[in-house]
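Next, two complexes with chain A in common: one pairs it with chain B, the other with chain C.
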Partner chain A sequence: MSIVLREIRFSYGEKKILDRISLTVREKEHIGILGGSGSGKSTLLKILAGLYPVKEGYCEVAGEHAPEGIRKRVAVVMQTPGLFPLSIRENITCGHSMTEEKVWEAVRAAQLEEWVRGLTDGLDSLVGERGGNISGGQAQRIAIARAIAKDAPVVLLDEPTSALDGETADALLRAMERLTEGKTVIHVTHREETIQNYDRILVLKGGKLFEKES
Partner chain B sequence: MKRIFKLFQKRKGIVLLTMFCCVGSVVITLLWNKDLAVMIDGVQGGMGPDRERVAWCVVYLILAALLQGAMQFFSAYAGEYAVHDLRMELARVTMGREYASVAKENSAELVSVQQNEMEEINRYVSDNLFTLCTTVINFVFTLLFLLTQNAKLTLLYLLPVAGMAVYTTLSGKVIYRYTKREQEQQKKMNGVAGTLLSLFPVVRLYEAELLLEERYTERIDGWKNAVVTQEKTKAKLMSISGMLSCIPLVLLMLVGGRMILKGMLSIGMLYVFINLSGNVSGVMINISVHLANFRRFCGNLERVWEGIETEGEQEHEYRITGDSF
Partner chain C sequence: MRKSLSRVFGRLGGAMTYCFLLLLRCPVDTVLCIINALFLRHVFQTIEGGDERGLWMTCALFGVANLCLFLYNGTLWGRFAVFSAKLVGKLKQFLFESMLKLPMERIEEKSTGAWLTRLNGDVTMTLNLLTGALNLPHLVFATVRVAVTAVLFGKISLLLLAVELAVLVPHMFLRQRFVVRPMERLTKEAQDTMEHATVYLETTVECADTIRLYEAEDLLLMRYRESSLSVVKARLCSNVRKTLGELLQMLLSRGGYLLLFCFGCEMISTGKLDFGTLTEALQYRSGMLMGSMMWLNSYAEVRKNSVGLKRMEEIYGTEE
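Up next, the complex of A and B:
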C-alpha cells in the first residue's frame, strides 16, 4: 500500500477538524477528495505531506510514518506556488545538485520550455518577490516543475488551479499529467471536474471521509 | 523640506509657538550674557555688581528657564501629533489598498516601513528635530550678537571654522552614502527573513533550508559589512572633527588675549565669547553629524511618504526584470 491512514483525529484547539479518518491507497492509484471551504481537506493534505505530526491515529506514506521521512517521499503543489524570490533554476532545484538535463526535463514536462527559452537569462531569470515578475500560470508551472524534479512516489495536490482562470487552469492540468504519471496521487479540491477521471473520488464532510456516491 | 512641511502642515500653530519660545529663550540668554560681561568687567575694575543689574539677570534666567520648559513641552506635543498624523495616514492608505497590490508585497518590508522607519521618525522628531531647530536659531542669533560685539574677533576665530565646515559637510555626504547602503542591506536581509517565514512549508517539503540559509548568510554578511564600514567611516570622520573642534577655542584665547593686552577687548566680553563660542563654532564643526541624522530622518520620511503616495499607482504587469532578495 502506498498510503495508510488509520483513525486519524485532528483539531485546532477545541475545534475538531478531522474525526477518525481512515484511508488506504494502492500504489499509483489516483484519489480525488472533494470538500467545501473549511472541511479540513488542506489539513488532511498537510498530514499526508508530513507537515503536521499525527497525534491521534496512524499515518503511513510510501512506507514512512515519521514526518521527516514522509516529507522526503512526497511532492506537493499547493494553491499558491510558493516561489522563492530567486531564479527559475533555483526554484526547481531548491539548492540540490541536479544535472542541467534533469532541470530541462522538468521544465519541458511542466510545459515551460518555450517560455524559458524566450527569456534573456533563461533558467537564471529571476521570478521576483512572490513570483511578481511572472504570471500566476507560469508561477504555478514552475511549482509543478519543482515537484516533477523531486521525483517522489506520492504526489499531493491542493487545488493548484483554484487561483487561475479557465484557460490557464486547463493548460496547467495538462502540465500536471506528466507530474502524476505513474505516481500515487491525492488531489484535494472543491471542483469535481478536475478529478473526474480519477480512480476514486471521496468526500470530506464534517471531519469524516465518505466514498462519493455515483 | 517639502516632506517636513507636509508632516507639520496640520500642526502649524503649535510649531510656530515652539519656534517663538525658542527665539525668546535664545534672545534672553544673549541679554543675560551681555549683562554678565558688564558685571565681570565691574568686578575686574574693583566695583561690585549693582543690585538692579543682578535683579535683571535673575529675571532673565527665570524667563529663559520658563521659555525652555514651554519649548520642550510644545515641541514634544507637536512631534507626537505630527508622527501620529503620519502613522494614521499610512494606516489609512494600507487598509485601503487592493488585495492584488498587497499580495505582491514582502510582509517583512511592509513591517519594516511601519515599524522601523516610523519608529526612527518618531524618535528623531521627538528628540532631534526641534533640538536641531533650536541649534540653528541659537547659531544665527549668537553669530549676529557676537558680530555686533566684536566683528574682528568673531571673524578671526570663525574663518578657520568655515574651512572645517566644508570638511564636515563633505564627510556628512560620505556618512549619508554609507547610511543609505546600510539601510538597503538591512531591507534585503528583512526580505529573506520574510520569505523564510512565509514559505516555511515549501522550505520543509523541498528541503530548501540550505539554499535559504546560504542566501540569508549572504545578506547578513552584506549587512554586517555595510554596518562595519559605515561605523568605521563615521568614527574616522568624526574623530577628525573632534580634533578640529579645539581650534576655535585656541584661536579665541590667542586673538582675544592679544586684544585684551592691547586694550581692544574687555575680559568680560572675552568670557562671553568663550561662553557662547560653542553655539556658533560647535554647530559648524558638528554639521556633519546634524546633516547625517537629518538626512537619515529625511530618508525614512521619504520611504514612508513613498508608501503613501504610490498607492493606486501599483504596477500589475508581469515582467522579468526586478530585483530578487
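Up next, the complex of A and C:
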C-alpha cells in the first residue's frame, strides 16, 4: 500500500478537526477528497505531507511513518505556490544538485518552456518577492515544476488552481497531468470537476471521511 | 534638500518654531568656547601678575557664566525635545495616511522589506536629520562656531591663524575624501543588503512548509548568510575608514597643536604675545577644529539622512 491512515485524530486546542480518519490508498491510485471550507482537508494533507506530527493514530506514506521520512517521499503543490525570492532555477532545484537537462525537463513538463526561453535571463530570472515579478499562473507552474523535479512517489495537491481564473486553471491542470502520471495522488479540493476522473472520490465532513455516493 | 524640507514643514507645520529654536541654540557652543578662552587668559594673566583676588574673581565669574549657559542650554534642549516628539508623531501619522492613499501598483512595486525599511528607516532618518545629534541643528551650530572662533583667533594673531588653516584645511580635505564619503557609500550598501536579508527572513516564515517539504533550508540559509556577510563586510570597511579618520585626527590635530606652540613660544620670546593670550588662542583654535569636525560630520549625516527625506517624498509626492 502507498498510504495507510489508521484512526487519525487531530485538534487545534479544544477544536476537533479530524476524527478517527482511516484511509488506505494503493500504489498509483488517484484519490480526490472533497470538502468545504474548514472541513479539515488542508490539515489532513499536512499530516500526509509529514508537516504535522501524528499524535493519535497511525500514518504511513510510501513505507515511511516518521515525518522527516514522509517529507522525502511526497511532492506537494499548495494553494499558494510558496516561491522563494530567488531565480526560477533555484525555485525548482531548491538548492539541490540537479542536471540542466533535468531542470529543463521539469520546466517543459510544467508547460513553462516557451515562457522561460523568452526571458532575458532564462532560468536565472528572478521571480521577485512572493513571485511578484511573474503572474499567478506562472508562479503555480513553477511550483509544479518543482514538484516534478522532486520525482516523489506520492503527490499531494491542495487546491492548486483555486486562486486562478478558468483558462489559467485549465492550462495548469494539463501541466499537472505530467506531475501525477504513474504516481499515487491525493487531491483535496472543494471543486468536484477537477477530480471527476480520479479512481475514488471521498468526502471530508465534520472531521470524518466518507466514500462519495454516486 | 531645501525644497524637500520646506515641503515636509509645509505639510506638518512648525517651521518657524524650528528655526527659532535653532537660532536660540546656535550661539551656545561658541559662547562656551569664548568663556573657556577668556577664563584661561585671565587665569594665567592674574597668576603672572600675582593677583590672588583677581584669580578668585575670574574663577567665580567662570562658574556663574557656565551655570547660566548650562541653564539656558538645558531649557532650550527641553523645548527642542518636546518639539521633536510632536514632530515624530505628526510625521508618522502623515506618512501612514499617505501610504493608505497610494495606488495598488505603487504598493506592489516594492517588496515588504523595502516598505518596512521606508516606514521605519526613512522616518528615523528624517527625524535624525531635523532633530538628531550631528545633523541639521549641529550643522548650523558648527557654522557659527567656526566663523566666530576664526575671527577671534585672527584678532589675536593672523600668523597663528594662517598656521592653523595650513593644517586644518588639508586635514578636513583628507578626512572628507578618505573617510566621510566612503563611509556614506558603505552605509548605503549595508542598508540595501539589509533589505535583502529581511526578505529572506520573511520567506522562512511565509514558506516554512515549502522549505521543509523540499529541504530548501540550506539554500535559504546560504542566501541569508551571503546578505548578512555583505552587511558585516560593509560595516567592517566602515570601521576601517573610521579608524583612518581617528588616525588623521591624531596626526594632524596634534601636529597643528605642536606647530602653534612653536610659533606661539617664538612670539612670547619676542614679546608679541603673553602666555595667557596664547592659551586663549589655543581655545579658539580648538573651537575651530571641533567646529570644523562637527560641521563635516553633520554635513555627512545631513547628506545621508536627506536620502530618507527624499525617499519619503515618493510616498507623499512633491506637489504642494
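As a convention for this text, the second predicted complex is superposed on the first by the 214 of 214 C-alpha atoms of A that agree within 3 Å, B and C clash if a C-alpha of one lies under 4 Å from a C-alpha of the other, contacts with A are read in each partner's own complex, and residues count from 1 in each chain.
Heads up, the rule we're going with is that a contact is a pair of C-beta atoms (placed from the backbone, for glycine too) under 8 Å apart; a residue touches a chain by one contact, two chains touch by 3 or more.
Values in this document were obtained by computation on a predicted structure and should not be read as measured data.
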Query raised in the report: If chain A is used to align the two complexes, do chain B and chain C fit next to each other or clash?
Result: clash
Query raised in the report: Looking at chain A, does chain B or chain C touch a larger number of its residues?
Result: B
Report task. Have a look at where A:96 lands relative to chain B and chain C in the superposition and call it first, second, both or neither. Result -> both
Query raised in the report: Now for A:121: first (chain B), second (chain C), both, or neither, which partner does it touch?
Result: first
Report task. Please indicate which partner A:133 is in contact with in the superposed arrangement: first for chain B, second for chain C, both, or neither. Result -> first
Query - Listed stretches 43-51, 241-249 or 259-267 of chain C, narrowed to the one that overlaps chain B - result: 241-249
**Report entry** Common interface residues of chain A - those touching chain B in one complex and chain C in the other
**Finding:** 46, 49-51, 71-72, 74-76, 78, 82, 84-86, 90, 94-96, 128-130, 132, 146, 150
Query - chain B - residues contacting chain A, complex - result: 103-106, 191, 195, 199, 201-202, 204-208, 210-212, 214-215, 318-325
Query - Residues of chain A that touch chain C when the two form their complex - result: 46, 49-51, 71-72, 74-76, 78, 82-86, 90, 94-96, 128-130, 132, 146, 150
Requested in this report: Report the residues of chain C in contact with chain A in the complex, numbered from low to high.
Outcome: 108, 111-113, 199-200, 202-203, 206-207, 209-210, 212-216, 218-220, 222-223
Query raised in the report: Which of the residues in chain A come into contact with chain B in the complex?
Result: 46, 49-51, 71-72, 74-76, 78, 82, 84-87, 90, 94-96, 119-121, 125-130, 132-135, 138, 146, 150
